[in-house]
Amino acid sequence: MRRFLSALIALGLIIILLEFLNLIPDFGNVDLSKRVSNSFINKSVDGNNETIEFKKSKDLEDGSANVVTSIVVNYRSFDTLGEVTVLFTAALGVGLILKGLRRKRFYREPNFILKTANGILLPLIFLFGAYIFIHGHLTPGGGFPGGTIIAAGILVLYLSNEKFELSHRAKILESGMGTVYVLFGLVGLILSGIFLRNFLPTGVIGELFSAGIVPLIYVAIGFKVGAELSNLISEFQKEGQQ
Amino acid sequence: MSQLLLILFIGSFLVYLLTRMNWIIGVLANIGLAIYSFYRLFTFKVGTSESIFSLIVNQNGTLVYSELSKFFGIISLIVAISVYFFLINWLEKQKNRAVFNFFLALITASTLGVFFSGDLLTLYIFWEIMLLFSVLLVQMGKEDSKKAALNYLTISLIGSYMYLYAVFMLWNRYGTLVIKDIVQKISVETSIFKWAVLILIAAAGIAKSGIFPLHTWLRTTQGSSPDAFSAILAGQLEKLGAYMLVLTVAVFPSLKMFPVLYGGIPVFNYVLIVLGMISILIGTLMAIKQNDMKMLIAYSTVSNSGYILIGLATMDKIGFAGGLFHAFNHAIASVMIFLSFAAVIYRTKTSKIDEMGGLIWKMPLTFITYLVGIISLAGIPPMSGFISKWMIFVVLVKKGMFLTAAAAFIGSVGSFLYVFRPLAGVFLGQLKSKHKDVKEVPIFMLIPMLVLVVITVFFGVIPGPVLNMITAVEKELNIQPLEHTMTVIKSSVGQWNTLTVFTMFAVGFIIAFILYMVFPKAKRIPLTNQYTAGEFLYNYDLYHYSTRFYAFFERLYEKHPSVEKLYEMFGKFFKDIGEFLNRWFYSASPSAYLLWFSIVLLAIFWVRW
Amino acid sequence: MIYYISIILIGIGVYGLLSQKNLFKHLISLALIDTAINLFIVSTGYINGKEAPIYSEFTPIANFVDPLPQALVLTAIVIGVGVLALGAAMLIKIKEKYGTLNVEEIRRGDK
Amino acid sequence: MISLMIAIPLLFAFVSIVFKGLAKYALPFIVLLNILILLIASTPVVENIGGWKAPFGISLVLDDASYYVVLVVNLIFLLLSLIPQIIDKGYDTIILLLLTSTNGLVLTGDLFNSFVFIEITAAAAYILAYHRNNPYGAFKYLIIGGISGSFYLLGTIFSYVGAGSLNMAHISNNSFGQLTAAIAILFILGLGVEAKLFPLAGWVPDVYASGSSLTPTILGTAITFAIMYLTGRIFITVLHGTFLDVLYILGLLTVIVGEVAALRQDKLLRALAYSSIAQAGLVVAAISLNNIDSLTGAYFHSMNDLTAKFILFPIATVVIKGFEKDRLAGFAFSVASFSLIGFPLFAGFRSKLLIISSAFSAGNYILPAVLFFASIVEAAYLLKWNIKLWFEKSDTSNNIPWNLKTIVLVLSILLLIIGIYPDLYLDASRKIAQSILDTQGYINSVLGGI
């Protein structure tokens, strides 16, 4: 009975949402020119009318080749600050909630393959993560995926080593990188009177050293997310007193 | 007037501080304030108006002094002064004396504020202040007074919020709240609007004076509130209800607003008269059943408020005067009765009739107060209570409203029955063994009681001064004034000469007294001086005859429907819903939360898409 | 089509929340709804025949799908992760306090 | 400059992870700095974050409405920072984050940004709900809060699809027919949970009555006020009053249900939580009447409510038995509850009066009737508690710390003053109402008259 009713209600919900779908353009049939993102793609918020070409256009209002990154870290950087804050809050909250619990132990020797592979793979994982967030403005990816990959490395460490404990420095890193993000914003405020202003030259689109503060912030985010997720992992490795 | 009110409100804080230092000084200060305002009532010129602070944009509160305010102000201050005098001794046994005194002073101040108010919102404000502090006073009484206070609060708030609703209907329609202006405009409104406004305003008066559908709070509230405060409640606060009823039927021109029916009475007033009739019957029948003497008189209040309402609602010169006069008489009489009860309870610590008896020998002066009080309350000739009841009867007969007259008559007969019960149970009969050492109450408690006795007898013989005030009120409200002299009341049916009647009664009383002295006295034997079935009786207290005093009569209406139970059912219903919501909605699982969430979505979609 | 898939996923999530009694399944359903909505958001930005919004050697000139929903989704995902983590932490505490994750047993334990 | 009000607390929140205990001491100074910024600022200010102009980037808007709301919110946090006893160790950073997000919530002029801030607020609120080991209540809040957040996000996306932008002023400037209705439905569901509307928000009592004095004190005051502001802003300024009738019905339902459910509570905190629900419903219902007087009344009432609740909740958690030892706290408690009931000459009376008269002049006869019903019930249970705490003798009672006592006393005197001289609150709420109703002015100031 309960299941039937649930299904009925879920069906009703689906019908409503389907009804809503009639009101918006069909899938893949969007008029981009009516949306603000058109200006983001052409980087013409401040009135630039030239067509942008890869590795040629210079000193644009925003220099990152990855438009999503330019939105995330530049046009809508404030959202990202908030997003980082949510993650920070969550990590903090998990720490507060699970305070006083012990590290979980499996009382079993980890697999030999895992242990060995770990030694080889771990540097590669970290390197890959770092690559992702350093190239956030050029390729798909960025601080968040990069940080997640680093945290995955930490997870492997936890799995392969019963005695591994995340150092307190992770917290400091997390806090410091958050601070760096806000400070970037404040520096912009001091230099130009605008919070989170991109105060560095944007360079040529598509080059590694371009896009002003975007890659710097993404690096900070990468470290921060890595540290935060690692902290989360280490918190969830706990269990209650028995 | 605003000056007087300011003095009273500030003075009440002073009373609080003084009572904290020394409670006797506090009580004296309270008496001083009351006497001062009593004096000031006579110095104000009728018809003056003042404006005070504003509560709604562009709308100053106004205070108006009218004959009506004067009349009701005098009643409530007489009540207040006598009760305060009573407190000089009585307050000793009360907890939280400072707060008690403070609240009493605030209640008097706000009561006067209600009578002075020239606009509806100012009236409401004083009304609510009075309500709040009277609730806080009621709960200082016996154990179950906490519950009673909430009962009182709820029903009073129902009345006063209905009133406020009407106030805003008027405000929205006219943009003014001054009673004088509204009264001029309202007679041309649509009938639905008029009905709604007047019924809603009357609701406040009905709730406060204990007329039928909203009378249920009186029993528990009067029964369990502090004993001296019961007197204030009956004498001062319920008269606020009478004031509100005057406002509804007379100040708002019901004669012009509604079509006139049989007997020249507006159709709206008929509704009120029916309610008054029901109140008389219910009050009387229920009073007969009560074993607690305070609850008994509480029900008698219901029936007497019915008389007042009927008198007022006839809008006839005699009937209206009778209603106002009955308000006066009932105030004085009920204060006497409650003070004498307070005196009895002060000594015996109980209010149950069947736990007392024979106190006439121990507390003779209290007995006299009670006797005069009930004579006036039941409307037995030489006291003033009879005059007002007579006036109401006269108008009912004159208008040919025989059904109402019959109800009023039954009420009168019933009142003999119920006032006799405490008389017999408490003062007459056998003295209980545990009350052997009871003494008469201290002097300061006796003074106000005896003064009230004198007042009642005086106005019973010479009702002229009160009737003068009443005719002034009638003139002010465009009702033809009552024709009367100092001792004679004229009506189309006949006239009533109080002096003659008093003389006759006095002569009769003297004759009876002489006969009592002349004839041989009955022999007094103790109760245990007898035996049944060969057994001697040793238990002295077993044979109290006031237990189920009117059992033979009560049997006739034993299984009556009860409004009180109906309200309790409503209360329980709401509480059950609350519990249901709390249990099944607010403490439910996340699934239930989402279920409701989806239902809202589906409902909105269903209705509005 | 992806619209429909995402909406059906929302429906499945709602069904899971309504029909299951295990709190962990509730959390998973919540995550499912989050994911479905993220899918929906991304798909509102898709334009037929256009490419991922990155200037590169292969797409040197703009011929891109709408990048803004993708940016929003990135934010939404991270927020979802945060909420999920908090929920999981609370589940651990619930298990510790009541000894069960079943709604009805918790309800009985509360009394 | 106004972005500093978000950046500075956030910065300190980050730093306080390393320097433990910093948050507690920094909080009052941060709040004071915020208030200082507000005092220098002149309205309207539009600050484009990152320098990207209005429909493209994210704008922070400080118009009359958000000015006063932010001011009130910061004052509440200032008061909270003066009673550090009730903030447990570790939770001080959460309070800082909450300050950040509430400021952001009110200041932002961007829908998606408001979603982000709502989620930060919600995340912080989940953690606060857990305070004093209340995992089940917090989890329930998390689930329903998460779903409502999803619906809010969906509404945001629909707005973006319709208007091509996420800027509130830009969306308000566009009209998109039937889609507006869909957006309104989604926002009702999204905001209703946080605004404590009846069939949506079942989480409230379990969270508010968890025994912590911090949780209800901050969630029931600052956050509620910010959400009420956002409700007005979104439904009136942005959506031009679409579906306000639904909101009206939900509001009235909430009033009735909240009061009735409070009637039988034998725990004071839970009763107060229900009262909080009912008052929120009243405010939403008044907002949905959508005229200047009713909005003024709504925000005025909301301010009175939060002032009273800031007195009631902390006292209710500390005092369990009676006011024998702390008569002053008892005085504050009584004043606050009388104000909530709406007895004349207390602050609550003025706002209820305003709501009623605006309802009548809008031809609405139901809202006043419901309001009166609610007042009767509220009077019944609040006076019951007053009587119980004042007059029933008890031997033991917790001591109330002196700073809390001072604060509640000051607030209760404020309530008395507002009751007689309401201009202090009334002016602020009138400004809020005017500014929320002035859609064109908002659009002009954000988009620069496009």
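Letters A, B, C and D mark the chains in the order given here, with residues in each chain numbered from 1 onward.
Basically, a residue touches a chain if its C-beta (ideal position, glycine included) is under 8 Å from a C-beta of that chain, and two chains touch if they have at least 3 such contacts.
These numbers were taken from a predicted model, which means no experiment stands behind them.
Trainee: Using only Cα atoms to place each chain's centre, name the chain farthest from chain A.
Mentor: The chain lying farthest from chain A is B.
Trainee: Taking every chain's C-alpha mean, which one sits closest to the mean of all protein C-alpha atoms?
Mentor: Smallest centre-to-centre distance to the global C-alpha mean: chain D.
Trainee: In whole angstrom, what separates the CA-based centres of chain A and chain D?
Mentor: Chain centres of chain A and chain D, defined by C-alpha means, are spaced 31 Å apart.
Trainee: Distance between chain B and chain D based on Cα centroids, please, to the nearest Å.
Mentor: 45
Trainee: So, what's the distance in Å between the C-alpha centres of chain C and chain B?
Mentor: 67
Trainee: Averaged over CA atoms, how far is the centre of chain C from the centre of chain D? Could you give it in whole Å?
Mentor: 28
Trainee: Please list all residues of chain B that touch 2 or more other chains.
Mentor: Residues 587, 589-590, 594-595, 598-599, 601, 605, 609.
Trainee: Residues of chain C that touch two or more other chains: which are they?
Mentor: 14, 17-19, 23, 26, 44, 68, 72, 75, 79, 82-83, 86, 90, 93, 110
Trainee: Give the residues of chain D that touch two or more other chains, as numbers and ranges in rising order.
Mentor: 112, 116, 119, 123, 126-127, 130, 135, 139, 143, 147, 160-161, 166, in rising order.
Trainee: What graph shape do the protein chains here make by touch: line, ring, star, complete or other?
Mentor: Contact pattern: complete, every chain touching every other.
Trainee: Per the contact definition, I'd like the list of chain B residues that touch chain A in the complex.
Mentor: So the residues of chain B in touch with chain A come to 595, 598-599, 601-602, 605, 609.
Trainee: With touch defined as at the start, can you tell me which chain A residues reach chain C in the complex?
Mentor: 2-3, 5-7, 9-11, 13-14, 17-18, 21, 24, 27-30, 32, 35-37, 40-42, 51-56, 65-68, 71-72, 76, 79-80, 82-84, 86-87, 89-91, 93-94, 97-98, 101, 138-140, 142, 144, 205-206, 225, 232, 235-236, 238-240
Trainee: Going by the contact rule set out above, which residues of chain A touch chain D in the complex?
Mentor: The contact residues of chain A facing chain D are 20, 23-25, 34-36, 39-40, 45-46, 74-79, 81-83, 85-86, 88-90, 92-93, 95-97, 99, 171-172, 174-176, 178-179, 182-183, 185-186, 188-189, 192, 194-198.
Trainee: Can you tell me which positions in chain C touch chain A when the two form their complex?
Mentor: Listed in rising order, the residues are 1-4, 7-8, 10-12, 14-15, 18-19, 43-48, 52-57, 59-62, 64, 66-68, 70-72, 74-75, 77-79, 81-83, 85-86, 88-90, 92-93, 95-96.
Trainee: Which bits of chain D are touching chain C when the two form their complex?
Mentor: Listed in rising order, the residues of chain D that touch chain C are 112, 116, 119, 122-123, 126-127, 130, 133, 135-136, 138-139, 142-143, 146-147, 149-150, 153-154, 157, 160-161, 166.
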